[in-house]
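The two complexes that follow have chain A in common; it is paired with chain B in the first and with chain C in the second.
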Partner chain A sequence: MVNPILLIAVPLGLGFIIPLLGLIWEKPTRYVPAAAMVFNLAASLLLLPKVLQRPWVVETAGLPPPFSIHLVAGPLGVGLSLLIALVGLLVAIYAIGYVREGPVAKYHSLYLFLLTGATGMVLTADLFNLFVFFEILCISSYALVAYHGDRAGTESSAKYLIQGAIGSSLVLIGIGFVYGLFGTLSMADIARNIDSVSPMKLFLPMAFLITGFGVEAAVLPLNAWLPDAHSSAPSSISAILSGIAIKAGLYAVARVLFTIYGADTIALLVLVIGILTLLVGEMSAFSQNNIKRLLAYSSIGQIGLIVFALGLASALGVQGALFLVVSHALAKSLLFLSVGYMIYRTGSMEISSLYGMGRRMPVSALCFTIGAFSLVGLPPFIGFPAKFTVIMAALERADPLFTALVGVVLVGTVVEGAYFFRIVQGLHFRPPPESATPARADQEEAPVSALVPICLLAALIVAVGVYPSVLTHYLGPAARDLLDKAAYIHHVLGP
Partner chain B sequence: MSFLADYVHYIGCFALVLIGLYIVLVKTNLVKVIIGINLIDTGVNLFLVSVGYIRMGTAPIFSEDGAAGKQMVDPVPQALVLTAIVIGVSVVALGLSVAIRLYEHYGTLDLRKIRELKW
Partner chain C sequence: MRKALSLVVLLVLALGLASALRGPSIGAEANRGELLDDQKVNFGRRYNSRAVEETGASNVVASVLVTYRGLDTLGEVTVLFVAALGLAVLLHTGRDRKSGKEAEAPSLIVFTGCRFVFPLILLFGAYIFVHGHLTPGGGFQGGAVVASGFLLIYLGCRGRQPDRQRLNAVESLSGVAFVVIGLIGLAVGGSFLLNFLPKGSPYALLSAGIIPVVYVFIGFKVGCELGGIVADLSGARR
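Entry: the complex of A and B
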């Protein structure tokens, strides 16, 4: 059986080998991330049936928890690492052909570190270790945003770095408070002893931790960096930032809220923040003319919806949130990837310059349409069962307030539909702008290395949309992993 | 007076964090902002060490005092601080290299003039 620690060790090790390999022979370095992610994908798939029966607690220093740093491979951790490996693999395949200029070996090295950080975050059971992996993720994404070294890229990287660094410092202060209160960093041990400390003392560390992780999770007042960073990065990096990096931040927030604290007390606040993030994200996306900025704002909107679902704090609500995480990771990476070569061919990110691309790049445009429809929540795509679960969970509360909030969520969806349908209509039915370069039939469509991941993502979106039970089968245990504090403590620390 | 003596290190480290935060919020020069981030890091590290500090405790290593059963300070926060220092240094290094690249593009480090991207 594969030890879950290899899910972190293999990409990290290969990430450090890439620069050395690059010194000798640069060409093969671009295949290394894909190879590492194939390993992670296979290992997560092997682990999943086993951890569904019982989470696997890995001791790293030969001491049982709560001593030393340990990993907990539960249904949620392995499920998310599976998602990270899947999206990471497809984006890595895309990047083989897409990333040609600049320090290519460094790109692939940093890309692997980013995925290592995300995988480590979802597997670790130690609060400080969570912070370390969080920093690995953040630092590599600061660098990758500035990969092209152009004006927009460096400027947004600087913004992202300043905000992210302050967020990390807040997390560290929170960890200091928690350690001062409990004398331990194991999340299960903290959760076990949480009732021994007065709620007044718990408020401050919780505020610091959630604000700090919230910067990466891009919830409402903390997301000024996101539209710039996601729109100025190379398209493959935008895909992984939108698909994976935000989710890792959200995972950290959810872990702190549900597993350590038990979120009943501030669930309403989380709910309101989610709704506000959703509305602001969708409204800002509506008024954008730049396609990548539009997709970035749409990410903020979707994050708001996920936070809203988490704030419901019920089993079905968290299940819906996880469903949305999967659906948004697949659909948003598909959108960024398919739009990547359209931007490359037209040389412009303006939406109007993409008109008529449906004829020039039929496959990419079709896949973009699938991704857009899925995000809006049309059947038979994955977005439909995901949004449906969330709305079911909200209506389950049978409270006029929640019914009203569902109304607001649906308004957000309508706005989302409005801007996505506008783009899709432009792609397929409008004539190309007159300034467009004349079509050259031979090299219009994206190359095969890009089409394979795009088509696979589109196929996955349709397949899960038609058979949602494939996924819901795993989401139930994963949601319990997050919500059921007692079981988590029991699994990690023993009876 | 004893309150001050007991908590002076906490007051000091949060003063450092606040000074750093003030610099990040107010200064317009990118290098100064990065110095502010570094000050926040320093304050946080000091805070972590003082969380584990025990008055009159010895170093948490195998030594004569330790073998004699004297009080030792908590070693875990010190290990955390070592990690946090490394992370802080790498963030600052990356920030400075971004600042160099920004200067090449804009010819200035004034954040008021570097604002092509907006909401």
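Entry: the complex of A and C
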């Protein structure tokens, strides 16, 4: 059986090897991230049935928890690492052809470290270790946002760096307080002893932790960096930032809230923040003319919806949130990837310059349409069962307040539909702008290395949309993994 | 409106800070007695009392860094690696910016002094990371000392640069070696970063199993990384 630590150790080791390989022969470096993710995908698939029965607590250095760092490979951790490996693999395949200029070996190394950081975050059960992997994720994404070395990229990377660094410092201070209070860093151990400390003393460390991780998760007041960073990064990096990096931040927030803290007391606050994030994100997306900025703001809106679902703090609510995490990861990376070559061909990110692309790049445009419809939540795609689960969870509360909030969520969806339909209509039914270069049939469509991941993502979106039960089977245990604090403590520390 | 809002946020933060710091906040768990199981909680007390016996390293900090929290250290090493790599990406502009005027050659005294001191700095850095498990210090500190030697070369012996590619190679190799050591532990004893070498007798140079080995690699890695950062920032590209 594969030890879950290999999910971290193998990509980490390969990440160190890439620069070495780059010194000797640069060409094969671009295949290494894909190879590492194939391993992670296979290992996660092998582990999943086993951890569904019982989470696997992995010790390091041969010492039992809580004294050394330990990982908990539960349904949630392995499920998310599977998602990371899947999206990471597809984006890595896309990047083989897409990233041609600049320090290519360094790009692939940083990209692999980014994925390693995300995988480590979802698997670890140690608060400080969570921070370390969080830093690996953040620092590699700062550098990758500025990969092109142009003015916009560097500026937005600096913005991201400053806000991210403040967030990380807050997390570190928060961990310092928590360690001072409990004398331990194991999340299960802290959770077990959380009641022995007065809530007043806990307020500040928890606020620091949630605010710090919240910067990466891009919840409402902390997301000023996101539209710039996601829009000026290379498209493959935008895809991974929107698809994976935000989710990792969100996972950290959820872990702290549910497992350590027990979220019941501030669930309503989370709910309100989620709704506000949703509305602000969708409204801002509506008024964008730049396609990548629009997609970035739409990510904020979707994050708001996920936070709203988490704030319901019920089994069905968390299940819906996880469903949305999967659906958004697939759909948003599909959108960024398919739009990547359209921008490359037209040389502009303006929506109006993409008009008529349906004829010039039919496959990319079709897949973009599938991703957009899925995000809006139209039936045969994965977005529909995901949003439906969230709305069911909210209505389950049978409270007029929640019914009203569902109304607000639906308004957000209508706004979302409005701007996505506008783009889709432009892609397929509007004539190309006059300035567009005359079509040369041989090189219009994206290359095969880009079409394979795009089509696979689209196929997955349709497949899960038609048979949601393949996913919901795993989402229930994963949601319990997050919500059931007592079981988590029991698994790690024993009775 | 905005001012009032920030005032409220500040006030809440100040109240939170006051309540968090009121009474003992560091090491507070020791005063709660019955509520906490003494054997199960409190890392510090356990490490202080058992570390020498469990890891064989007389420097408890080293045993915490490499054994108890070895995965964190591997992560920190990666963070540094990623930061150096990210800096190299940022400074890679594709075109070499040759500054118009050549840097002035250093005087003979400075040049000779640097050449004399440089090997001594390397030796001192190596001493610090080789003895990391015995005396205060360790891989990170030793590596920083080594890198200060590179900084001296940059300041005092202009025109002479450490070979950037060789630095990169050593950096990556040490990272790979750290992971491989961890994986050997996994293969031998079923636990990542397990201390699989004999522990020896405390206070001897060859003791504490993998701790000195890992520290030597960290020392090389940190030294080359910081040296590479110095070289990157000074604009030397090889």
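Rule of thumb we're sticking to: the second predicted complex is superposed on the first by the 495 of 495 C-alpha atoms of A that agree within 3 Å, B and C clash if a C-alpha of one lies under 4 Å from a C-alpha of the other, contacts with A are read in each partner's own complex, and residues count from 1 in each chain.
Just so we're on the same page, contacts are C-beta pairs under 8 Å (C-beta built on N, C-alpha and C of every residue); 3 or more make two chains touch, one makes a residue touch a chain.
Since we're looking at a predicted model, the values are computed, not measured.
Trainee: Of the two partner chains, chain B (first) and chain C (second), which one does A:Ile162 touch, if any: first, second, both, or neither?
Mentor: A:Ile162 sits against chain B, while chain C stays out of touch.
Trainee: Does chain B (first) or chain C (second) touch A:Ala143, or do both, or does neither?
Mentor: After superposition on chain A, A:Ala143 lies in contact with both partners, chain B and chain C.
Trainee: If you stack the two complexes on chain A, which partner ends up touching A:Ile175: first (chain B), second (chain C), both, or neither?
Mentor: In the superposed model, A:Ile175 contacts chain B only, not chain C.
Trainee: Go through the superposed model and pick first if A:Phe286 touches only chain B, second if only chain C, both, or neither.
Mentor: neither
Trainee: Is A:Glu135 contacted by the first partner chain B, the second partner chain C, both or neither?
Mentor: both
Trainee: Have a look at where A:Pro205 lands relative to chain B and chain C in the superposition and call it first, second, both or neither.
Mentor: Second partner only, chain C.
Trainee: If you count the residues of chain A that each partner touches, which comes out higher, chain B or chain C?
Mentor: C
Trainee: Taking the superposition on A as described, I'd like to know which of chain B and chain C A:Arg151 touches: first, second, both or neither.
Mentor: Touch partner of A:Arg151: chain B, not chain C.
Trainee: Between chain B (first) and chain C (second), which, if any, makes contact with A:Phe402: first, second, both or neither?
Mentor: After superposition on chain A, A:Phe402 lies in contact with neither partner.
Trainee: If we overlay the two complexes on their shared chain A, which of chain B and chain C does A:Leu185 touch? Say first, second, both or neither.
Mentor: Both partners, chain B and chain C.
Trainee: Quick check on my understanding: which residues of chain A belong to both its chain B contact set and its chain C contact set?
Mentor: On chain A, the residues that contact chain B in one structure and chain C in the other are 128, 132, 135, 139, 142-143, 146, 149, 154, 157, 180, 183, 185.
Trainee: What residues of chain A sit close enough to touch chain C in their complex?
Mentor: 3, 5-6, 9, 12-13, 15-20, 23, 58-63, 66-69, 101-103, 106-107, 109-110, 113, 116, 120, 126, 128-129, 132-133, 135-136, 139-140, 142-144, 146-147, 149, 154, 157, 177, 180-185, 189, 193, 196-197, 200-201, 203-205, 207, 493
Trainee: Show which residues of chain B lie in contact with chain A when the two form their complex.
Mentor: 17, 21, 24, 30, 33-34, 37, 40-41, 44, 47-48, 51-52, 74, 76-77, 80, 83-84, 87, 90-91, 94-95, 98-99, 101-102, 105-106, 114-117, 119
Trainee: Write out the stretch or stretches of chain C touching chain A in their complex.
Mentor: Listed in rising order, the residues are 13, 16-17, 19-20, 22-23, 25-30, 32, 35-36, 40-46, 54, 67-72, 74-76, 78-79, 81-83, 85-90, 92-94, 165, 168-169, 171-173, 175-176, 179-180, 182-183, 185-186, 189-195.
Trainee: Which residues of chain A touch chain B once you look at their complex with the stated criterion?
Mentor: 128, 132, 135, 139, 142-143, 146, 149-152, 154-159, 161-162, 165-166, 168-169, 172-173, 175-176, 179-180, 183, 185, 224, 227-228, 231-232, 284
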